[in-house]
Every structure is written in structure tokens, then in C-alpha cells.
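Got some structures for you, see below.
Presented sequentially are two complexes of chain A, the first with chain B as partner and the second with chain C.
Entry: the complex of A and B
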């Protein structure tokens, strides 16, 4: 079905070319995931503390970040922030673009992550932690062995979605000129003077789709692993025996 | 064996325990009764340090701590002398029935996995649940869950078991099976403090009754004397609703 205006047979080759840029997409995703989780952990801890000031600060941060499109956050921090620092006499031009992106994506996901951590933690009945203390565990043991696994079970479905969202979000990195999957695609298009746009973007879409599919499968496996004791999610017969 | 002196506790400005004293001997089964909000549960939780009392002294088996200045280390040490059975069971939802019982033995008492398993199985047999070892709590009835709770408490070989309204969350049919397990435990000579609203059961199982109201002990005494000839007006008014004369006349 090859025609002049659509040549599907060149897609496999394009896929192979584009996938060369996968390491950077992976690095961006993993690094922002780690940094974002750490930021979110701090925010969630603040949000769970009793003084109103810390809770207010955490909530303010969550609302602020949630209300800004990530693309704007990139422009704001990558282009705007150095201008501000220059005013203070700090030269930011030596900082790697990829570092900017990791920080920006980490900030972008941290709000949702923090909210998820807080709600998952609160969803575990207080009695679970108390029972752990009552049988003589330390607070740390009780958290690690009893509360955390249950909170994780609650968080996993949404967490998986957020990770997939982040993975796709990193495609915005091309606006600052890094060569991730999206950046590589645009380079390939420029080389052919835009004549094979349809095939190239299709190749890119196929890559993202396949990788997201893998992520979803991993998430499913984790969910079954962590929800064994929960009636509404586990398969009744399998979990009872 | 267990002595509490001058225990005080307030939530904010609301006093819940107003400096009460309690003494329990080895092998005693003490039933703590009284209206809701009288501080029964808080008393129990203070003994187990799930709630920190503001003042007072607690002695269990010769080890004594000042409740005002007690350190974390002392709390962990004192907690190992007690075990708690919760009103809403509080079984570990991410662990199987067997793991619920072995958890404390392995993590806290540092027993080997096989030794802990043996103890757990024998305890679960005592409460009639040896066929549910690998089930998760969510798949058990309330009565079964509470029996696991009791097995979990007994497995730790505590000096005293604290039971916080162990049957309040159960329907009448399930109350029976749970009470009969507790009855069985009581007969084995383990010291127990039970907060309960089951007067009939308290009269039958406990050798000592403590009646609390408004953060203090109104009256306490041997079970029979307490129910047949209560002395305080408040006690008489409270007991008027229960016809326990029948129980003792049999």
C-alpha cells in the first residue's frame, strides 16, 4: 500500500533511528521520578504535620504547581530563572540543560505525588500502626512492615498512571533542544526537509505506545503483588487459599 | 502484679482520667465497666502507652515507670509485658492469619521462623482457626478476626492481656464464639483486664469488677459482691438496667 504520500515501509528504520535517543528519555524519566519523589515526600511530611503553618505551606505549594502547565514551567525556569539569578550576580549559563529539565519535571510531578502520598498514608487505618506498637514493634518497624505496604497498595494504581504521565511529559524537553526521543524525531524530520513527517511521527508514537504498554504491565504486576490481602481488588478464591 | 497509681490524662482541656488507682493481682480477670466516655478505653490505652498519660505511676511485674517522664526505651520494654486485643480487631491487613501471629514473635521476640510458626499454629488451634492459616483478614468474619486477635495477643506470652471491648463490633451471633474463646483464655490463668459492656459476661468471667464513671473509679470489688450488693448510688443506677440477679441465683 506504499504510495508517494505515505511510505509505511520506512517506519521500522525510523523506529530504529529514533530509539537511539531512548537513553536520554529514560534518564530524564528516572532522575525526575527520584528527585520528584523526594520533593513530594518532604511536602507530604509537611502536609501531615500538625502545625497549621507547615500544612498551609504544603497546600500552597501543591496548588501552585498544579496550576501551571509544564511547558510554561520549563520556559519560566529555563529562560526566566537565569535572568533573575543574573540580577543577583550568579551566572547560570554553565548549568546543563538536562539538569534543568530533571528539576522542572521533578517539580511538575511533585505536587501530584505529594497529594498521593498523603492520601494513601491517611487511608491506612490508624489501628494498623497502633496494633504494630501494641505487639512491641518500634514505630519504625511498624511503619515499614505494616503501614507502608498497605499505603503502597492504595497508591500503586495512581502511581503507575503518574509514572506513565511523567514518561510522556519528558517529550516536552525538546523545546530546550535536548535530543531525547522527541528531539531526535525532530532532527530526523529536519534532515528530510519535512517530507516524511507522517512516517516519522508515527514511528515515534509507536515507540511511546509500546513503552507505555510495558510500564502498564509492570504496574499491574506490582498491584497484584501488593494487594493480596485486599478483598475488593484481589481475586477472591486465589487470595482466600 | 500490675499497679496504677494516680493516673491522670486529659485530651486538650477535657480531663479523661482524674487520678485513679488500680491494682491487679496475678491471675486476676478484671472487668472494667461503666458508661461510654467514662475513660475505660483510655485507661487501657495508657497501660499500653498507645496514649501517653499526663501523670501517674505504672508498675508491671516489678518494673515501675513514672508516666510523666517515661522514656521511649522504657515504653518499648513495658509494652512487651502487655498485649492488646482491639475493639475493631486491627489485624494486619497485609499479612495472613498465620503471619499476623508470627509477626511479633519473629520481629520483636527474635524467634526463628519455624519456631514462631509452631507457636502460632498452636495458638490458632486454641481459637479454632487452624484451617484459616493462609487466609487474609479481609476474608474472615468479624468473630474469626477477633479470635485471631486473641491468638496474636496470647502468642506473645504477655504478663497481662488487655481487651478493649472485644465484642462491641460483632453481631450477636458472633459475640458467642468470641466470648467462649476469651472464657477459655481466662480459665488458663492469664491475667486479663477487659473493658466490656457485656454485663452478663463480666459477671461470669471476672473475679473483680471495676466500675468507672467520669474519669474515676466509682466502685470496685469482687464480682459477686459488686453485682449483688453495690454500695454507691451511681453503681446501683447503672446496674438497674441489667437483671443480673438471675445469674447469681442459679
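Entry: the complex of A and C
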């Protein structure tokens, strides 16, 4: 076996080079997280409204987004949509790639987010909101102080998983040519004419692994923070017994 | 609107002819995932010291690293391992990429499936097993008649959503060079810049796949969970058996 079969000693250096591209991955993740939440909020509100038409529309949207691979969604919107707009006489060539990606990733996660928002809102007992109204809170106060914190506690574990999912999803952005973690990796491989492919991808895997570990930790901290109310209640009950 | 219908008529059958490849990847990966998932779930219950840690690291890798990166790592790592074991003619590089893609997707999903299986078995009350033993069933009978039917009801909805995501993840194999519907579509689109048409075709194919598989699995779920309804209908109705309600509002 020749000596350059596998060189693990160059991985730390590669990790350092690839991590330079982290800011873009972070920006993509955060921006699409915000935009995706807003879209999801709209969908969830539609899904919770009583007329069957809006509920059907929301469900249709959720099923559609869940049925399409994100890779195809990227190609459809990044390459197909401008062609469509060109047919209508609108030039889309001035729009930044990253804007496309943010919108695409936001759409991709909005279905899961909407479903999560709906189910966690419904998981809070109706009596909670009614009790808030009964003691004289306005509907808005009741939602903000009573329903939302409880719904958030229910949603957090899945929310954390979806954020990690979104973070990993941004690795697909390289297909349109942005230099995020994945794009940087591809550049490094092209520079070395593909001679150190395995090591470079391993370095990338290590980076994602470490970053996801951090995200999971943050999620756990948040869960402890937001379920405090429930736990105190449970402890109180145990003490009363 | 410049929608090239001529092209659609030409490209659609061409792309569709590769659908069997996509389905083959999906099904072989799913079979591998179910087998490895069952294996990992059983190993996990044994709590063997070193094996346990290896499984934990593997599960963490599957969860934390994007599937695409896993595919890239596998496609460059596996040939080296194979060549190391069987050096003749760089044997590892002769194996087509689709095999490595199937192994990667299968093992990745196997890790998730093992968790679903574990949770499903945990959800069955110990009293069920004990009751089966007390009426004289053997271990195998207990598993087959009492535990598995109940565990399947718990596991199936999760398996469904995992399977549907597997169908979509096969599109990533296109990036690592497997010729299936996505990569054929990309090639066709690049030839004549017919992006909109191609990706609408691909969207349609994937949507139809998801819809059909979703329907099949929902029927399966109902079939597997049927004993609950049967018990409820034939029993003396002493109590109401909770039936899963969708969108309870």
C-alpha cells in the first residue's frame, strides 16, 4: 500500500480551512429560520381557522412541500422560476443566489414548522385560555402569558431537531455555487485536483458533527429552561402528597 | 410564457424510464435499514460495553452529519476499505457507486429505525409479556402474537415518515454520480436550458411517489391496527378503546 493511501494528519489543517466558510452557513441558517417561522406562522394560522377551504389550502401546502426533495426545490426555484418570470417579462438575474437559498430553505422547513406550531397550539388545553379570559386578561394577554409559554415547552424538543435539520440542509446550497461549508470543501478538493477527497470530506463531517453537538446542547438547555414551570408544578404536587 | 411542450413530451418518458432505479435504491436501502435497525435495536438491549459505545457514536454521526456529506464520505471511504481487504485490481473502485449509496442510506436510516423499534418495544407494558407467559405461551409465541402486533402499531407511523424521507433522499445520490431520475433530469435540463419544464416533471414524479407510498402506508397502518377496532366491535363494550383522532380540535 502506498503512503498516500490515507493521510489523517492533514485533517486538522483542512478543518481550519473549511471552517472559514462557517459565517455564510450560519447566515443562511438563521435567515431561513426566521423567514421559515414567519411563513409557517401564516400557514399554521390558516390551518387553525375554521373554514374548510383555508384548512385544505394549508394542508395541501404542507403535503406539497413534504413531498418534494429539497434538492429538486432548489433547482425548481433557482433555475426554473427565473425562466418562468422571464416568460412574463420580469428579469430575475439581479437577485443574489443567497436570497434564493434563504427563501428555498425557508419554504422547505416551513411545512414541518407549521405542523409543529399547529400541534403544539392544540396540545395546550382550551381551559387554559378560557381561564385567562375569565380572570380578566385580554385575548392577547392570555395568548402571550398563558398559552404561548406552554405551547413553546411542548414544541421545543421537535423545534430543536428541525433547526438541526435546517442547519444540515444548508449543505445543499453548494449546488447553486455559494461558498458555505460544503462549497468551501468542494473548492479545496478542486484545488488539489481531487487527490485528498476523503480527508477533506471527513474534515467537513467532523465540523458538522461538532456544530450539531453544540446545537443539541443549546436545545437541551432551552428545554430545561422552558419546562421549568411544568416541573415546578409536578414537584409541588409531589410535595403536597 | 415559454413553456416547451415538445421538450416535455420528449423528456418525460426518458426521465420516467429511470424511476425503477430510484425505486430500487429506495427499497434496497429500506430493507437494509430495517434489518440493520432491528440488529442495532437488539444489540442495544444487550448493553455490551464496547458495542454500546460504538452504536452511540454511529447514531450520533448519522444524526449530526448531513446525508449528502455522509454519501461523499462513503463513496470515497468504502472503495479504500474494500481495496484494503481485497487488493487485487483496486477492486473497491470497480463496484458501482449505487451500491455505496444504498449502503450509506440504508445504514443511516437503520440507525433511526433502531430508535423507533426500541421506543415501540418499550411502549408495550411488561404485564403483556407476563400475561402471555402465564397462559403458557413460549417466548417466540409471545413475541409473535402479543408484543409484535402491538409494537407495530406504535412504530408504523414513524416508519412511514422515515420511508417518505428516504424516497426524497435518493435524489442526493445524483450528486455523487448515481444515474437516477434526478441526475437524468439535470443532464437533460442542462442540454437545452429547459430548467422549468424538467424540474416540474421531477417535482411531479416525486410528489406522486410520496402520495402513493403515503396512501399505501396509511392502509397498512389501518390494517395492522385493525385488531384494536375488532376488539372494540366484538367485545362487550365495557370501555371505549381510544381510536386515534386526526386533528382533534
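Keep in mind that, in the parts below, the second predicted complex is superposed on the first by the 225 of 241 C-alpha atoms of A that agree within 3 Å, B and C clash if a C-alpha of one lies under 4 Å from a C-alpha of the other, contacts with A are read in each partner's own complex, and residues count from 1 in each chain.
We take it that contacts are C-beta pairs under 8 Å (C-beta built on N, C-alpha and C of every residue); 3 or more make two chains touch, one makes a residue touch a chain.
Note that the structure is predicted; figures quoted are calculated from it, not measured.
By the touch criterion stated above, A:140 is placed in contact with neither chain B nor chain C. Counting the residues of chain A touched by each of chain B and chain C gives the higher count for C. With both structures placed on the common chain, the touch criterion links A:52 to neither chain B nor chain C.
Looking at the shared chain after the overlay, A:132 reaches chain B, while chain C stays out of its contact range. In the superposition on chain A, contact is made by A:198 with chain C only, not with chain B. In the superposed pair of complexes, A:169 makes contact with chain C only, with no contact to chain B.
Remark: chain A residues 125, 127-128, 130-138, 141, 145-146, 149-150, 153, 226, 228-231, 234, 236, 239-241 touch chain B in the complex. Here chain A touches chain C in the complex through residues 1, 5-6, 63-64, 66-73, 75-76, 79-81, 83-84, 86-88, 122, 164, 168-169, 171-172, 175, 182, 197-198, 201-202, 204-205, 208-209, 211-213, 216, going by the rule given at the top.
The touching residues of chain B, counted against chain A in their complex, run 48-50, 76, 79-80, 82-84, 86, 88, 90-96, 103-104, 107-109, 134-139, 152, 156.
Residues of chain C that touch chain A in their complex: 1-3, 60-61, 63-70, 72-73, 76-77, 80, 84, 87, 164, 168-169, 171-172, 174-175, 182, 186, 189, 193, 195-196, 198-200, 202-203, 206-207, 209-211, 247-249.
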